[in-house]
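Next, two complexes with chain A in common: one pairs it with chain B, the other with chain C.
Coming up: the complex of A and B.
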């Protein structure tokens, strides 16, 4: 009994590892047969690491750390590196496949040459299965039998051709039964897709009455890295992710390829992209700064009002004022969007009853931005109020008493004591808040999907888009298809800005030194 | 004289606070009014609806085209599973950083600090493409599955939580474990039976924060999930209401209330920790 109790954890571990390894072996065989060698390597390495960590005494602390870091590496670290890679490629709609996949697709395209030879045919089918045998006649008396992609010339007396009722038409080929005209129509969709290789060409159904010889249209010449169009006798060379002729004609689809700095250059130099991108870039900063300043101003102001021992209803006020912050932001923003609806929204209705002009909250860039700042003020001031209240309580009272003796006015006390001391203690939180609003996708996107649109922009950039919503729309919303490469380039720019803000924050607070000392 | 002026200032303070309270409650009151208003439209909405009833709520629960209850359930399920696993993994990860001496400990902590600075959503394109590829091999973990979105959230949840947890564990004296070792406990037993129960407050706070953060997440869920019965509340509600304010306002308001109230209650439980600056910006703000 006590043996089981003492060794329970050890046993559990062994059982867990056995199941894990069994699963890994099973997955590995599947991956191997499907030729997914990259996934296979990752699987083997990860499984080996897990076994090492949980069996070796040396790796003891890693047993605790591993589960969390595994997810972090897979879903934060790896995606960051992958984003860097994608930003240097043309990955996106029209360039999804690899070059090999595109070549394979092109080489599977056939055309019907003008001098093509027709074959009359009869089709036979295995009962209850989608297996066919085709008996072909080239009209010069030669017979061919095709079963499962294999075609051979036969003579009329071949023993496989059976005619049990002796009426001259063949009723059966091996076990395959002849298809009547009606059955033929039922099986048409499958028959139309049959491709029987024949002397470097392909036999395909041309019409209900005939098969015909089709010729492969494109051939890849590996030594010269080119695609040859046999039909039109044109050469296509790979250029920026597509096979293109000397006249600039491109074959579809394109493939993924490495572009170098092109996506970044597009953002900075392509006139139709650069203008809107710069607008988005500047507004992102304006947005983040205005958000921090307005929420901090109102939050601190309310905190000073509430930081009064003798104020009545103080606790109730506090709870009510926190409410906007307690609501999930996505719900609040959608509510605001309704209230500010230009045609039917409550705010415009109130303006109307006061006989004022209604405001195009969602249609004008200025008013959209204005509304966003107000909404974010509503969402964010309670947070600033909470942290300011905490900071206010830590300011020693004798500072104010000394100031009072010196005859300082209320404003002077605020300017020379309260504000500097508050800024010291919550400065880092303000920088974090800046970084947060810099990427505050929910508010921007849920309010107006980044709109109203900028007229004449080639990429989907709206008047209130910030960099992160611009990235999102480039990848997942654009009517012109997804441009993962360009979107990743924008992501990398945001990464760099975030890194700079953080570096600034650490420098400002000396947090790094603190970390180094305390760990 | 002095007294009277003091009273005037007090009155002014109350007045200003009330103005801000009106600002804070303005959208909430209108939402409540719309939820109870059977007209179901923004047009000519009155603050106090005539014939207030619960028609909007009934409609909400019986709408097959927009399965609100399924979205809500999806959100709660995903948030609960994410928060539970994330807190467990965080507690495990933080423990050795707080207690054991091993090579790479400082560097490990530092790397975690650096990684958690970058919001996960910045890599949304890469995450999408990753799951697009996984889908070919393992459809149960591919796009439009809940395991996929939970895994993504777990990846993003570890960094900052590990730091908060480690900070808390550092305040628990090591003498407790030493006593346990003398009684013959293994290292893991000491962690599981002595330290974890003592760390319950931080576990609860991190659980609630993670729950709220997951519940409110929109961008990654909207990329990964793409069918009606898989949506979370954030994605479903956005699709339900965009450009339909004129004729779905009442139902939407009812949904907003039901969706928000549990989160508001959870939030009120942990808000005092925000004052301590402990969780600055951990959820939002």
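Coming up: the complex of A and C.
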């Protein structure tokens, strides 16, 4: 039995590796022809490692670690490095393409010279070869014949034009056969790239029905790294991701390029960033701390209530209390937004019927912050309740019994037993919840898009904007649209801020160490 | 089992690498279109395939995703040949080098000039336009039998109808919403970007705080300040209107199908003149564009010129999209519908929404100013001054 099993596994392994290697070879040839050498190298290295690991006895333990590590690198480490890389570039609106792509586009830009005209045409093709003859007819009735790169004026009686069936259309030019419309379309990929020199101009396909005279407008001079505008005789040199003339005129499109520390310097020096930074930064802290404290307090309170043995209908309560967590936050935040609408929202209508003043939930900084904390409390307490319920189970009952014998009050029991013990196991989760809320873009943005606006602000930063939503505005809703370079720089800085805070938190609470001691 | 999972994962990874490098194909048209355009394109596709024998593939994307996905996929060779889009994307698409000019040939004269202009950049035209849209005044004929033509008449009607106790409103527009508010500001002379002598937009000349803009917004704000017009968003506006609680609302033709469904007897007309000046709403134009990375540009051009730019397809597009066509033969026929005529009239006074990428700096600052003004936190002039200052700084930083 085990013999078959072993052999079967061995066979499965060989089949798996064979298929994998076959795929790898196939991919490698494609990558090679596409000149994607970086991906090619990665592919070869990864395939080699996989083969080694699954064939060598020595690497046996790696079989279990490798897939996880591999995907961690692919899905976690690679994006981080990519973000770091992008933060040093100008990648964003107007700078999407690589420099080579831009040069190619510019060199393929043609203009119609003043004396340009359209030619109607017939195309002919050598059977079984990609060789074409084009018979062109200008508006004055002159005939031209282009074979390969040579074009000459001919007259209608030229012996090379053959019409064997005598129906008036030319069926053959030398041994080139006339292309029907369907065949023409099949050969379009080659035909549309034909460039036939004609005096100083180029004859190129203009549409399915016509050729026209063109001239190339731009030429790249590699030795001087410049673009020459042949039409207007202007030189353009690369400068910060665009080809620019000495007068500062830039050619579109621009290209992406390495900027060094510029995005980071912008964040440090730009007054638009600096102006509201402190206000936004402080509110981000308040928001994250208040979110954690309120959700934890309510969650723990509910958990203790649910944990009470004398409580009946526990299951029903539990289901109801978990509901906010089960609903998608995306929808519930929008519902809250509707409920709190100042003019027509239900909350204000209730206030009105009670003859109370309505509250400008979305228009006042204080009230929209207040509303956000409440909404996040509603969204977040079930999670805290769930983990507290679990943690409460792990507190040994004899501690409470001992406390009861010592005559401790309920509050004393909570303060001296429940809270310290529960914090030990939940502490790390609170810290991660803090980090999460620090960057909780969804709730902030869905509720009020960071608003309300602030009177006299230097840049559109609203009263509830946290760092991440504020920088989203800066990098995606201002300037010229998307600025991925700046956005990446910002996310790295925010990452460092959260990392430092988290590190201090762990250090200060000693959370991780104590877990080890107590469990 | 575990190995099998790993195997599947590796397999998908390898395939995705291949997908990454596979180039868009020659001799096959790939079109990105949104849900509404798909239906029409599918029948066009059949005609094209039958006539030319060339396969056409149509991929559905959310309208807004088309532009964003272009920036990622087109440069890596994964993009489509043809996209459906709006003219205000033009600046970003051209400065990103993602779309190619189109040779319209003789068909150029068959379109409204405003539609061709909206899709022009320099000397080139970048789309076959198919629809136009502009906001106007939509009124409930049961409440407002005769729509006002002057702002003073408009104001009188609004004040007369509004009764907060009864939850009846004379006029509602979505706020804070620069797009919808622009006609009030542009009528008396406000503008977003000025133009230079050649008619090219100048991002360094922002006219949102000039005398006309301030005057227009002030007139509108008087209604908000007196509590006659509620400060609500688009959804609230349309739901109140379909409930029959609103006399007039300001929005575009996209709101009309819902009104028809709700059985409201409505009319679509131009906004009232402000001191004799017709309001100039933003005009939006939709069209078909060709990717700069297409390997079938001539073919794509033939597809658009022959199979899209014809009366039948344009009318189909009008019927599924409920926006007036800009192809003259189709527009003539569609104008029998009073809604279409209304939108076309409104658009005729309008100005194309600026398509330069700098427009990204404008929306937020402008929207914030509107909110501050209309919720009575700041006066019109300082709020608009501040907005323009924000816009100028943001544009300066991007140059």
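Rule of thumb we're sticking to: the second predicted complex is superposed on the first by the 277 of 519 C-alpha atoms of A that agree within 3 Å, B and C clash if a C-alpha of one lies under 4 Å from a C-alpha of the other, contacts with A are read in each partner's own complex, and residues count from 1 in each chain.
Heads up, the rule we're going with is that a contact is a pair of C-beta atoms (placed from the backbone, for glycine too) under 8 Å apart; a residue touches a chain by one contact, two chains touch by 3 or more.
Every value quoted in this text rests on a predicted model; they were computed, and no experiment measured them.
In the superposition on chain A, A:488 makes contact with chain B only, not with chain C.
In the superposed model, A:36 makes contact with both chain B and chain C. By the document's definition of touching, of the two partners only chain C reaches A:208; chain B does not.
Using the contact criterion defined above for the overlaid structures, shared-chain residue A:189 touches chain C, although it does not reach chain B. Touch criterion met: A:23 reaches chain C, while chain B stays clear of it.
Of the two partner chains placed around the shared chain by superposition, chain B is the only one that A:331 touches, whereas chain C remains out of contact. Look at A:93: by the touch rule set out above, it reaches chain C but stays clear of chain B. When the two structures are aligned on the shared chain, A:105 is found in touch with chain C, with no touch to chain B. Looking at the shared chain after the overlay, A:80 reaches chain B, while chain C stays out of its contact range.
More residues of chain A lie in contact with B than with the other chain of the pair chain B and chain C. In the superposition on chain A, the residues of chain A contacted by chain B and by chain C overlap at 30-31, 34, 36, 39, 67, 71, 74, 341, 343-344, 476.
Interface residues of chain C facing chain A in the complex, by the touch rule stated above, are 3, 6-7, 9-11, 13-14, 17-18, 20-23, 26-27, 52-54, 71, 75, 92, 94-98, 103, 105, 230-233, 236, 240, 292, 295-299, 301-302, 305, 357-358, 360-361, 363-365, 367-369, 371-372, 375, 377-378, 382-383, 386, 389-390, 393-395, 397-398. Here chain A touches chain C in the complex through residues 12-13, 16, 19-20, 23-24, 26-27, 30-31, 34, 36, 39, 43, 50, 67, 71, 74, 93-98, 101-102, 105, 181-182, 185-186, 188-189, 192, 205-208, 252-254, 266, 270-272, 341-344, 360, 363, 451-460, 462, 473, 476-483, going by the rule given at the top.
Only residues 9, 30-31, 34, 36, 39, 60-61, 64-65, 67-69, 71-72, 74-80, 82-83, 86, 91, 298, 302, 305-306, 308, 310-313, 317, 319-332, 334-339, 341, 343-346, 349, 378-380, 382-384, 386-387, 389-390, 425-426, 428-429, 432-433, 436, 439, 441-442, 445-446, 449, 468, 471-472, 475-476, 484, 487-488, 491, 494-495, 498-499, 502, 515-516, 519 of chain A touch chain B when the two sit together in their complex. Partner chain A is touched in their complex by these residues of chain B: 10, 13-14, 16-17, 20-21, 23-28, 30-31, 41-45, 89-90, 92-93, 95-97, 100, 102, 105-106, 108-110, 112-113, 115, 117-130, 137, 151-152, 154-156, 158-159, 162, 186-188, 191, 212, 215-216, 218-219, 222-223, 234, 237-238, 241-242, 245-246, 249, 252-253, 256, 259-260, 263-264, 267-268, 271, 274-277, 280-281, 284-285.
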